[in-house]
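What follows is subunit A paired twice: with subunit B in the first complex and subunit C in the second.
This part shows the complex of A and B:
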């Protein structure tokens, strides 16, 4: 199994990315915590939290790649699953504030006291437990994806129509979460977090641990995606992308395949959101904005869809660019993002990783042809 | 239940389908025996493709009976169930999985695991390799085994699709215009391939190309306006007044 990973080109890329992620998971926190701040190899705190955030974005892009790159389902609503995972973790973090809130209520979060609520709504029960919140961060996006996918795929909604209803899904959730009566903090969302598992969310050690958790989770998801895409099911998924109706006549239940990929992908997005929230310290309905989900598609397209590694690189590169541009030339960021997307579509339709692979492939064929010619010439002599 | 119905492989009786008032299939009755190869010809709009859609579950008949192996009511099943029962279909336009290799196309079509979790944990056995080798031999694509299906020529894609049908090991094979757009040499090769396949299973071939139908040398059914116009050998049906009129008249 392992040796097979090392032999084929695409698998090798994934394998080395997993190694790099695990190394980063150890090295970055170590260089941040153990070295004095004036040491040349010291990793500053803001870099740890920034890159930690990028890693959760990369997880979201990887999740999208599983459905878009392999199954051909262009979801323009994956931000919804990310945000739901984020809200589940946010609810846990709110319950941890306890009496340290502005109103000092031991059970109710501040915004509920402010709204004059006297009891915790039923759906907030259990969120004082970390394990329960973690479970919900996976289960809620998974269940939503299951219900949505079951209806959409069974009715054979595909292509642009499916993309549009995924946009509608995330937009509907955006509007719902904006309402105070929903009980999720309205437009302010959830913030002012204090502790996670008894450690201060502001502490350097906690930040470093969250960073390491994000890198390790990304590595695990990458391994999971490799396992799925390398299996026969992975081939079936690609066949769904290529010729869905043909596959039905071969005897595969296309809607089950899509549903599986969609649910697994949504659960991965939920975990990404749950790791994102403690690192940025806030979750609000803005995370459901349709534009956010579209940005995820851009990350995956820039990196190269259907390559697993590509969307991860795309997410990190585009967000790195975003952080730089919004600081250096704030008014140009949106132009740069738009220009990048146009440029990738025109010049690198397979994305960065996809283009490198096909360029390498061409070089190999050429060199094979050359050596074949030389062999022919030698034989002729 | 008539004996014709129970003994035949495929039995269609008084089938009707209308699309927005247009009667695509009009009181169609047809019987295919086990091991039989049948050619179906007819002018454009005669209902040939709609008939295939009904047999494979893509279209549901408004009325009439469609029975497989005497007991299975096909009008109650969907495409996937019908495919799993052992009815394979080749489309007019070759549709193969372009970003898979020739080998993987065949592997996906091989009988066996179809469920989501079964395929997730499936590991190909040695038996499947032998079967794929045999099929590659039959469809003459052994040398192109590891190439992407997208890189095959039009004719080779048609053969690969036929190979995928063989891998499904169906009891009944429906083939829609297999030689459209093929060269003469490819057409002859395809006729040979289909005769070879028909030695072990029932085949229905829908075709426009009369030369090809003559080459197949099997019983012919002529469809026109959604029902059977004539049935018999090619010479017999080409002498039929009604057939001449429906092809040349109007």
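This part shows the complex of A and C:
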């Protein structure tokens, strides 16, 4: 496996990205914590939390790439899995507040006291344990994806129809989480977090640790995706994308392949959400907005779908641009984002990474042809 | 605002009609003049009673002014006048003729003091006095007021009024008011039994209130009759509620249909996923805003025609944007539906931000023309004019569109291109132009929908976003490529949503509908009315 990383071109890119991510996971927290603030190589706190956020977005884009780039399923509802993972972590963080809330109730979060609830709803049980919340951050998106995918893929809802109903799914969840009666804080969501695993979420050390955790998790997911796409199953997934009915007639159970990719992808999105929430300090129903999920698609498209590395670059580049534009020219950001959607679909259908690869591929064949010609000419002389 | 205007209008109508009823003016004048010499509340009450005995509707303005604290006595000569604040001073007028007598400061008057019990008795008196008005609508209002108030003392006046009444409707209302009065007073059980029957015959909320207020503890027969009557009224109310729900559902369905019908063409017929569809609706709404703004500043008299002017303009604006979108972008993406989806989403973001930059991020005010405001009451059903017009309008748009598709040359070409592009092309149809025009038609209809939706929704840059998911749901539910499916889909979803709302609440009803559609798509991936045959395969 490792030797194949080093020898095949496409894998080499992923391999180097994993190395870079692991290096970043060590270096950025070290440069942030160990160097004095006036040192030229010091990484400021806000950069740590900003890039940490981008890394969780990158994870979400990578998850989408697994289903869209390799399986041809354009999910416009991946933000829902991300937000569900985020809510699971948010519930743990809410339970950690304890008596430090405004109302000082040892068990009930503030919004429940405010709503006059006298005890914890059953679905909040167990969320005071970190292991349980982490498990739920993976299991809940996974189960939802399983139920949804099992229904949708079995009845052969494909293409645009699937995109539209995934959008309806996240829209329905958006409306549901806005309701106070749901027991997830309604409009305001979950916020005012204090501790994670006993460490203050505000502390520099915790931030750095969360950053490192995000970078390492992204590296692990990248390796996992490479493993999946490089396996025989990965080849079948690509076949699903390119010729679904042919594959079905050949005898493969297409819906099982799709379901596997969809569930794994949803779980990855859930982990991304769980890492996102402690870093930004809030989760609210706005994360379910259909527009957010469509934005994830453009991250993957800009970087290059079906390249694994591309979506990561795309997520970081687009969000970096967003942070810059919304601060410098707030009026201009939607023009830029809209233009990006149009330009990428028209002129860069393979994305940045895909286009570079095919460009280099052309150059290589050309140079190979040229050297072949020279060799021929020399042979002729 | 309109309610206030209407109340003022009704009051003017009431007063103007009452003046004609004045009979013995001199006698009334002497009674009213007694207000100047009252010392105690009991004196005030006895003057009011005298006015009541006169049974002359001309006393109404004075009584009304008394209840509102506007009946004053001029300190200089002791005349009783009605005052109205104007600027810093008060304009005072004659209580009977309404003729303006002059202006004076606040200190020049002494107010005729009243208390709540007097105010109440004036209220009952006003209704019974207006029973004698020449205007049937005023008499009807008086009977309605007496029905709700059920003042036992008004029985004699009601009987007299019923005997004189010529209009059948008013007479019926008066009989009902009499029945309510009988129930409130100390009458024999036989009369009360009949009264219960009459009151329950109304079958509305007011009847229920009267029956609930009626204490029938003394007589077992009456108790049973009252309970039966309450049940009857409740049943009647429930069936009216169902009818009202159907109406709300149709109204919601017509909004959904308007928003979705353009999409039924671009998505349903052409197979193009246009995520910027909602923004076409928004452009139509903003066109209406601009038209109204120009009319407001330049030609205020034309305001009632603003929507008629905005309709063709909205069609042209949205249609032109749609045409440009098809030529410039979508035609490069045919056969790549997911890319089309993303690119048009980008266009929708650009259009939103463009409108936000030009018109600002806040809601813009779009007014209702006069013929679209107000409401009609049919039995227990309340129908607002703007909703009624939107239902009518959406059906007109639907029929027109059906006509264009089935009976015109362009429609024929359009159907030919969607059914078999190669064959249509070889028959000499310019397929690229037909594509562009079809897309422009779908977008233009979205623009027209925007004109209608501007009447009931906030006109903001986010207007379109609220409709895009619903529109897709309607088209997918109804079945792609089938206008009738869209019609049935829109109205089914609208009515079902409104029937769920009382049980589940508005938000949960919407969630349930979305879940229902998601599950429905699993059963019938091609929608309610699926196309059959070769077209399905491509």
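Things worth noting here:
Going forward, the second predicted complex is superposed on the first by the 381 of 381 C-alpha atoms of A that agree within 3 Å, B and C clash if a C-alpha of one lies under 4 Å from a C-alpha of the other, contacts with A are read in each partner's own complex, and residues count from 1 in each chain.
FYI, a contact is a pair of C-beta atoms (placed from the backbone, for glycine too) under 8 Å apart; a residue touches a chain by one contact, two chains touch by 3 or more.
Fair warning: this is a prediction, and the values are worked out from it, not measured in the lab.
Aligning the two structures on subunit A places subunit B and subunit C side by side, free of any clash. In the superposed model, A:197 lies in contact with neither subunit B nor subunit C. Looking at the shared chain after the overlay, A:102 reaches neither subunit B nor subunit C. Of the two partner chains, subunit C is the only one touched by A:346; subunit B is not. Judged by the number of subunit A residues each one touches, C leads among subunit B and subunit C. Once the two complexes are laid over each other on the shared chain, residue contacts for A:168 go to subunit C alone; subunit B is not touched.
Vertex at the C-alpha centre of subunit A, arms toward the centres of subunit B and subunit C: the angle is 90 degrees, rounded to a multiple of 10. Applying the stated contact rule after C-alpha superposition, one finds that A:297 touches subunit C and leaves subunit B untouched. Once chain A of one complex is fitted onto chain A of the other, the partner contacts of A:19 are absent, as it touches neither subunit B nor subunit C. The superposed arrangement places subunit B and subunit C with a least CA-CA distance of 8 Å. Counting contacts as defined above, no subunit A residue meets subunit B in one complex and subunit C in the other. Listed in rising order, the residues of subunit C touching subunit A in the complex are 273, 275, 329, 332-333, 337-343, 345-350, 352-354, 356-357, 465, 469, 472-473, 476, 507-508, 510-511, 514-515, 517-519, 521-523, 525. Interface residues of subunit B, counted against subunit A in their complex, comprise 56, 79-80, 83-84, 88-89, 91, 95-100, 104, 107-109, 113-116, 119-122, 124, 164, 168. Taken in their complex, subunit A has these residues touching subunit B: 228, 231-233, 235-236, 238-239, 241-243, 245-254, 256-257, 260. Put simply, subunit A touches subunit C in their complex at residues 74, 148, 151-152, 154-157, 159-161, 163-165, 167-169, 171-172, 175-176, 178-179, 290-291, 294, 297-298, 301, 331, 333-335, 337-342, 344-346, 349.
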